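Scrolling down, you'll hit the structures one after another.
You will see subunit A twice below: alongside subunit B first, and alongside subunit C after that.
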Partner chain A sequence: MNRFNKILSPLLQPLAAILVGLIAGAIAIAIAGGNIVETYSEMWKGAFGGFYFLTNTLARATPIMLIALGVALAFRSGFFNLGSEGQMVIGAITAAVIGLYMPGPGWLVSTAAIIAGAVAGGLWSAMAGFFDYRFRVNLLISTLLLNYVVVLFARYLVSYPLKDRTGSAGLNQTPMLDASVWLPKLFKGMPLHLGFIFAVIAAVLLYILLKRTVMGYEMRMIGGNPLFAVYGGVRRGSMMMTAMLFSGAFAGLAGAAEVLGTQYRYLDGALSSAGYAWTGIMAALLANSHPIGTAVAAIFLAALETGAMGVERNTEVPLEVGDIIQSVLILFISARLTYSFIKRRKGQNTDGTAV
Partner chain B sequence: MEQLFDLALLNTAIRVLTPILLAALGGALCARVGLFNVGLEGFMLLGAFAAVVGNHFLQNVFLAVVFAIVVCMLFSLLFAYVSINLRANVIIVGIAMNALAAGVTTFSLRAIFDVKGAFYDSKMVGLPKWNIPIIQDIPVIGQIFSGHSPLVYLAFFCVALIWFYFYRTVSGFRFLASGENPLAASSVGLPVRRYQYGAILVSGALCALAGAQLSLGQVTMFTENMTAGRGFIALVATMLGQSGPLGVMGASFLFGFMDALSIRFQGLALPTQFTDMLPYVVTILAMFFFKDKSFMQEAQKQGTSSR
Partner chain C sequence: MLLQMDKITKKYGEFYANREIDFSLDKGEVHAVVGENGAGKTTLMRMLYGMEQPTSGTIRLHGKTIAFNSPLDAIRSGIGMVHQHFMLFPSFTVAENIVIGNEPSKIGTFDRKQAARIVEQLSEKYGMKVDPWAVVGECSPGIQQRVEILKVLYQGAEIIILDEPTGVLTPIEVGELLEAIKQLRKQGKSFIIISHKLHEVLDVADRITVLRDGKVTGMVGKEETDVNHLSRLMVGRELVELEKKPVQRGDKVLEVTDVTLRGNKGKHILDHVSFDVYGGEIVGIAGISGNGQSELLQIIAGLQQADSGRVAVNGTDTKNKNTRQIREQGLAHIPEDRYIWGANRSASVLDTGLMGHHRKLQKGGFLDFKRVRSMVSEWIAKYSIKAGDSLSTTSQYLSGGNLQKLIVARELAQGTPFLIAAEPTRGVDIGAMETIHTELLNKRDSGAGILLVSSELTEILKLSDRILVMYEGKIVGELTAKEATEEKIGLLMAGGA
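Up next, the complex of A and B:
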């Protein structure tokens, strides 16, 4: 019973929030004039109804998982890294440049592109950490604003120096990468690519890092109680930069994997408008930054998105219903719904002094 | 340089700083009661959308602005309930509010107007432009301060109002005290929660005005995500201004000026991507000079907070 409680009680909070989110979604569906049951069953079919849809959901979950893991690492260390979008974009554009211009055999180029993407994302993110540590520039705000800077810079690159001049379309994008550097698909004809394996490995590695290493312990300590950690001799500045470096590297990897596995080029706005970064942040929040839980939450949120696309294909309800469900459940995720309920129950048993 | 800096530039700066100033004042109110409101961006977006919806259906600019205020206050009530009563992490709630605002506005754009991306209606009337009788005849000042929408003047009036409230009224003094040390304030019987609710609701209303200025001020349309980070810039303006109304006004003027400058640069041969970057880069640079509280102070303060 005790063991059962230990597994179940952390799940109670997210499940309550998900329920609230689904209720909000139902209200939105009703307002848009849709049938609630039919819409939700279409959503299920769009996300998991058949092997193609399942792999499609997992393919969409790939960048979200990687970003969410990076954000989870930063959150665990007590730093709000909201710059995943920029870190992902800088990883993606770096991977695209390496993929286009580096000579050599395909496997070498794609390995180099993946690594370069992760390094670029990590350094960009560590820069924000350095600013906070050295100059006390608020990390939350600086990471947010750096997103705009790097997205605009990438837009400049694909609008002028790197622009694809071969196609007739006026899209701002790089030329297509050579097929030899593409990440292989896991199943023939399905959108799922090798990046998903990277994401799963990353989740396991992060779990080991946080739970089984000294550095992970220090990170959790500084996130849990910064004063205690500093008193215990943890160097906050270098910890912050390390955490941000890894956190950004995950996001950079996500961008690189998207370019090499799905898009095969850097297309302006393709990564930002899909909202991978914000969904990733939400996944980390939903799972309270537990590495394995974060991966599961990322798949769940990706399923909401691919499901919403199915809803839009087959009903009158717009696909943004997925966004509404996501945001409402995050709104309530850190609210102490279950907490206050339990506390009230307890209050009845005691003399009623509980607030 | 002649063509870069002239009075029209300052006139533009006054116009574009208004949404930032209004939202930043809302942020300052929240910051003063110990709530870091990251949701300014979302409230502003909701305000912009609600103003256009109100304008379309009510056919009246004044009612449209009132409608925007009502909508934003409802959403800020949700923000307040979740972060004060349910004791959620304010930053997470703010992030969720931003996402919710983006979702609700795009969803409603499809559900109400059946369009994607942007809504424009030629029949809609924007905010009027006011020419202040005496001031418009004064040579330099007239060119800068005249011919703006009423919300621009209202924004500056709000600065004065909040300054007066903070530093010249008893209630304002208690408001500040309840933010400075909530535990001490509630121990002497101040209704800390009521001040927090008030701050969030007023900040919602101010963000609604900011949004209305965006969607009904210069252009009369709504586009998805039209706030484009202005809420976050307003957040920085709040921080730079140390959450005081006059400081916030100064910081907003800096960002408004940069925004106006970036609009002006577009006329030159520079790629627009770099000119668009200017407000964000300047904002980051500004943070180097106006330092945030150190984390030790922050952590120690958290230990004494009752919330």
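Up next, the complex of A and C:
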């Protein structure tokens, strides 16, 4: 019974949030003049109805999962990494450059591109950590603003020096990567690629890191009570940089995998407009940064998006119904964050003698 | 009877915080409620003060059954409460703090002068001197407490509940408070005092109710009891006297030389503090909290930087060392505040217990959970820590006393030659206090040096081999265990020479 409770109780809040989100979506569907049951069944079909749709959803979930895991790692260590978008983009452009210009056999180039993408994302993120540690630049703000720097820089690169001049269209993008560099698809003719396996492995590794290792322990303690951690001999500065390094590496990997597995080039705005970074942050929040839960939440949020596309294809109800459900979820999550923040503020005044 | 509480029961889920408690109070009577932590004293008072509703039972005031939904109802019925932590606005004056809620006004604006006059009259009537124009934040805890009492008197309280009133006071202030209570009693006010300091209770109370595990284990008149009898009722068994072996001085484990720290306004928080601690002895630092002890400990532990001066742990300077390095030099630290420094509330008991041991109990970067579990389980058994049904219980669900025991166990187990013990028994019950004291003495006998800081004089006197007294950032006196008495220390603590 107790064991059952322990597994179930952390799930209660996200499930309640999802339920309310779906109810809000139902109201929106009704207002838009659609049939609720029909719309939701189309949504289900769009996300999971058939092998193609399932793999499509998982393919969309891949970058979201990786980003969400990175964000979750930072959250668990008590740091707010809002720079996933930039870290993903720098990973993507780095992977594209390596993929295009590095000589050697395809598998080697591909591997190097993936690693370089992750490293680039990690270093970019660790830089923000260093600024916080050394100069007390608020991490929340620096990670957020560094997004603009890297997104705009990548736009410059693909608009001028790296621009694909072969095609007729004036799109700002790099040339296409050689097919030998592409990440293999998991199933023939389906969009799902090897990146998904990376994401699943990443979730398991993160779980083990947090749960089982000394470093994970120190990260969790810093996240729970930094003063306690410092008192116990955890070095906050180096821990912050490590956490940010890993966190950014996950996002960089997401970007690299998108380039090598889906787009086969860096296309300006493709990663940003898909909103992977923000959906990823949401997934981490929704799952309270539990690694496995985060991966599941990422798939769920991706399914909402692919499902909404299905809705738009087959009914009169617009795509935005998916956004409405997501927005309600955000509202719920922020309500919970605010609540626990207030609780923490209040809690600081008790010394536990008032039993 | 002025106040009568009959068969009061309060259940939280399946847990009985109070079980069929009878309690009464006469006009002009002082009735003390004593008991260990978690015995249900505070719960009982919260129900009387309208902060909680009883599960069953009745409360009668002047013979009429009442049901308070909030403290406001209680205040209107003439019940006032002074909390353990003062609820005052530090940046406002004494008068402003007292009249709050019912301010005198002149054509719609707050009449400060009238407020001051009211406070002067109150102060005179009840024989409690205060300066109405003084800013509360600059008053001593003793004065602040007077302000709290005057506030409830101004609100028209006939019954005043004092929750652990002497916790933050100097011995002299305690005397003044007890005197004031006796004066007010003569004027017909009634008091309920929650306390665990039995000497004070015996001094001032007419009747004493003892609670244990949510039940009344005794209700006695002052004349029919003594300290031993009361502690037996509280703990439910006899207490053993501690035996102290003579000091076997070892090597110097701590050397503090000329440590100075300035505050924001350039005032000295620590003023050229120097002292040593040797292995095999317990050095106690007495002083009213806020005289620099916290900062001193943080500097020694590497949590804060001194402006100047030198600290050496086990013969090695700690300058520019982080907490990990200082711990590796041989420091363990029972921190002053268990929630701020001592634990991670949201982590499991296991995780909170692991801190500081986690780099030792590993295999290639992976924690060795088998050893960790057996280590923490051992402490739980040894210190009888009530930690729920498993080691994965979240730390915040432990009562303060149990968490304190966990922290003490963790730090003693670090096995270091030097230990800082700051308020090691704050908030723990008598039984646990006994265990902790015994363990600290064992640690000393095994050759370790202990720096003990406590606001409980009895604890300092009981454990220390040497006693340093701090006042306004300076060490104003050093006494050996033999020559130290409560009076001598009390005088030094208050700044007297």
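Note that the second predicted complex is superposed on the first by the 333 of 355 C-alpha atoms of A that agree within 3 Å, B and C clash if a C-alpha of one lies under 4 Å from a C-alpha of the other, contacts with A are read in each partner's own complex, and residues count from 1 in each chain.
Following the convention adopted for this analysis, a residue touches a chain if its C-beta (ideal position, glycine included) is under 8 Å from a C-beta of that chain, and two chains touch if they have at least 3 such contacts.
Keep in mind it's a predicted model, so treat the numbers as computed, not measured.
Undergrad: Looking at the overlay, does A:V214 come into contact with subunit B only (first), subunit C only (second), both, or neither?
TA: second
Undergrad: Considering only the touch criterion stated at the top, classify A:L227 as touching first (subunit B), second (subunit C), both, or neither.
TA: So A:L227 meets both subunit B and subunit C here.
Undergrad: Is A:F332 in contact with subunit B, with subunit C, with both, or with neither (first, second, both, neither)?
TA: Once the two structures are laid over each other on A, A:F332 reaches subunit B alone.
Undergrad: Examine A:R235 and indicate which partner it touches, taking first as subunit B and second as subunit C; both and neither are also allowed.
TA: It touches subunit C, and subunit B stays clear.
Undergrad: Once the shared chain is lined up, is A:F198 touching subunit B (first), subunit C (second), both, or neither of them?
TA: neither
Undergrad: Determine, under the contact definition given at the top, whether A:A32 touches first (subunit B), second (subunit C), both, or neither.
TA: first
Undergrad: Which partner chains sit in contact with A:M282 here, subunit B, subunit C, both or neither? Use first/second/both/neither.
TA: first
Undergrad: Applying the document's definition of touching, compare subunit B and subunit C: which contacts more of subunit A?
TA: B
Undergrad: Could you tell me if A:F246 is touching subunit B, subunit C, both of them or neither one (first, second, both, neither)?
TA: In the superposed model, A:F246 contacts neither subunit B nor subunit C.
Undergrad: Which subunit A residues contact subunit B in one complex and subunit C in the other?
TA: In subunit A, residues 227, 230 are touched by subunit B and also by subunit C.
Undergrad: Spell out the part of subunit A that touches subunit C in their complex, as residue ranges.
TA: Contacts found on subunit A: 2, 6, 212-215, 217-218, 220-221, 224-225, 227-235, 347-355.
Undergrad: Given the complex with subunit B, which residues does subunit A contribute to the contact?
TA: Residues 28, 31-33, 80, 82, 131, 135-138, 140-142, 144-146, 148-149, 152-153, 155-156, 159-160, 226-227, 230, 236, 278, 281-282, 285, 318, 320-321, 323-324, 326-328, 330-337, 339-340 of subunit A touch subunit B in their complex.
Undergrad: Spell out the part of subunit B that touches subunit A in their complex, as residue ranges.
TA: Those in contact with subunit A are residues 38, 78, 82, 86-89, 91-93, 95-97, 99-100, 102-104, 106-107, 110-111, 229, 232-233, 235-236, 239, 271, 273-274, 276-277, 280-281, 283-284, 287-288, 291-292, 294-296, 299-300, 303.
Undergrad: Which residues of subunit C touch subunit A once you look at their complex with the stated criterion?
TA: 17, 37-38, 40, 42-43, 84-85, 164, 301, 303, 322-324, 327-328, 333, 335, 337-347, 351, 354-356, 358-359, 362, 365-367, 369, 389, 392, 399-400, 403, 426-427
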